[in-house]
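Chain IDs A, B, C and D follow the sequence of writing; residue 1 opens each chain.
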């Protein structure tokens, strides 16, 4: 399951760059429309990187896998796989409100899918298992969806406030989840 | 063989999302033509997920591989690799009859290729092998092609009846194949 | 090296399907221009499958790898990576002479790159090594480039004669290389 | 981390070929605009091949990984992932000055990211570790960014001088890093 997930995440990370369409012409000005696509690519690259790091750390502790866990994992990969679309939509429209809102909806769905995967893994290993103890509780797990939701609302005030929420979550997760490293 | 198959399936799963073309414009209405592509993406994602789950479970029991098995496996991957095309064709044409019929033809071909792979693996391991006993018989193996065939016929009455067949097969396979887990 | 090569070959195999562009419209006639692209996809899928099978069998016997071998391997992957382009060019032009000739040039280059990889692996393991003995000599190694060259010439008489050469080589390699299985 | 990086590099290597768009028409002349894209593809293929070789050799010696190393690695993958875009931009504009300059900026960023990854790995293993001793010092590490920088300046005299710098660095790295093989 880890190899398959790593493969899917690696492909998502890399095909996102295909949304940066090579412009016609070779002056610096022809690159200007690529700039917002590039910036949204950076944002999504960091997010996918965070998911890969945390997912990778979590799966290394997993000792039991079942049908429910496999589908919870595929569910997370589904929402992650929409990132290239959401990223391209946002970048090609210069961070307009609807695309930023859609981007936040996808990030919120990813966060909730990750949470469900954690729960299904805890259910599989048992509440008193070494896995459950190592996972513990993180304020980040709860803060992230809350920030995304707030940012989603604020997007309709200004899309830059929505993006501020995205950057904030990226910043608090930038350091990979230490819970497993510690344990 | 398992790593290669997992890689191909992971790529098929992920490039399917490239059929969801980023629309020009940033209003909610510009997203409307993407909706049927998105719905058909969900349908195909679940199907590919089911194939990955069952394929993965089956291959973990495999102890012998030969030329025939390798080609039976590539044959399955061939029909699975047509899923992005069939999915895009169906989604971009709002579930019209010909595209839904083509989608069903591809699913039927995948189901038959999977069946052939099972037979070639049983032939390789022997009819009395642990592998063959673990695989056993499943009514799902026989029901799926029958439902696809019926749905293919019903598509020419209404393409929604055809899609009902697709959803039905997805539903009966949603829970991964327990035969190997049990054994 | 094997995992990386398998990954590259899996991606080549799968992105080739992206050359089958989803047509506008949903009648059976709109699918007609896709038919030659589909046929050339089948042809290339079988060829890449053959390369994967043989490459996979050969690498499982490899015990020593060096810089020369790594580059001989990348050289093979380079020519294989041009298959999606050559396939699309041939399919979208209804098997016209220049595209078929280019396709044959790429196949010839792949065959020669595979031969060079074999030689560099034998040089690395030693002429009397178990690897070299297991590899032995195959008339197929010599026949394939000869058939490709003849087919290349015949393409300028008729592109169908060129394609006959492609199908012939595919047929003689269809059964994976038994040399290693025997040994 | 190695499997994930190998996957990303394999995908970058392969999707680069998608920048070679299949031309309309089937005469030899229709292939003419593809030639510069093909040449820049060769150049980038060799570069990515060099990175894969050196990265692969280095990671096989790695015994400790931490959050800092994971992000230094993702940072390298980020700049490598821009290679398909930079390659396509350069090839489709017939090696004009701005695209060649951008290509050099990306190569320079890759070289610096690789250097940072080396430093973060040395910091993780300790300055007196076996890893640090095996890595040693290479004049290539210092020469490459210097040549890229000089080539970047010279690009504004003539883009061919810039490309000469790219080819020079490729040539000095063509032989994979022997430091680890020796040690």
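In the analysis below, a residue touches a chain if its C-beta (ideal position, glycine included) is under 8 Å from a C-beta of that chain, and two chains touch if they have at least 3 such contacts.
These numbers come from a predicted model, not from an experiment.
Q: Please indicate which chain is farthest from subunit A, where distance is taken between mean Cα coordinates of the chains.
A: When every chain centre is compared against subunit A, the largest gap points to C.
Q: If I list every residue number at the interface of subunit B and subunit C, are over half of them used by both copies, so same, or under half, so different?
A: Mostly different residues form this interface, as fewer than half of the numbers used are common to both chains.
Q: For the Cα fit of subunit A against subunit D, please give the angle of the superposing rotation, nearest 5 degrees.
A: 90
Q: Roughly how many whole angstrom separate the Cα centroids of subunit C and subunit D?
A: 27
Q: Between subunit B and subunit D, what is the separation of their C-alpha centroids in Å?
A: 38
Q: Touching two or more other chains, which residues of subunit B qualify?
A: In subunit B, residues 3, 7, 11, 15, 18 touch at least two other chains, as defined above.
Q: So with touch defined the way it is at the top, what topology do the chains form here? Options are line, ring, star, complete, other.
A: Topology of the interface graph: a ring, with each chain touching two neighbours.
Q: Help me check something: in the complex, which residues belonging to subunit A touch subunit D?
A: Interface residues on subunit A, with respect to subunit D: 3, 6-7, 9-11, 13-15, 17-18, 20, 22-28, 31, 42, 45, 49, 52-53, 56, 174-176, 178, 181.
Q: Would you mind writing out the residues of subunit D in touch with subunit A in their complex?
A: Checking each residue of subunit D against subunit A gives 1, 3-4, 7-8, 11-12, 15, 18-19, 66-67, 70-71, 74, 77-78, 81-82, 84-85, 88-89, 92-93, 96-99, 102.
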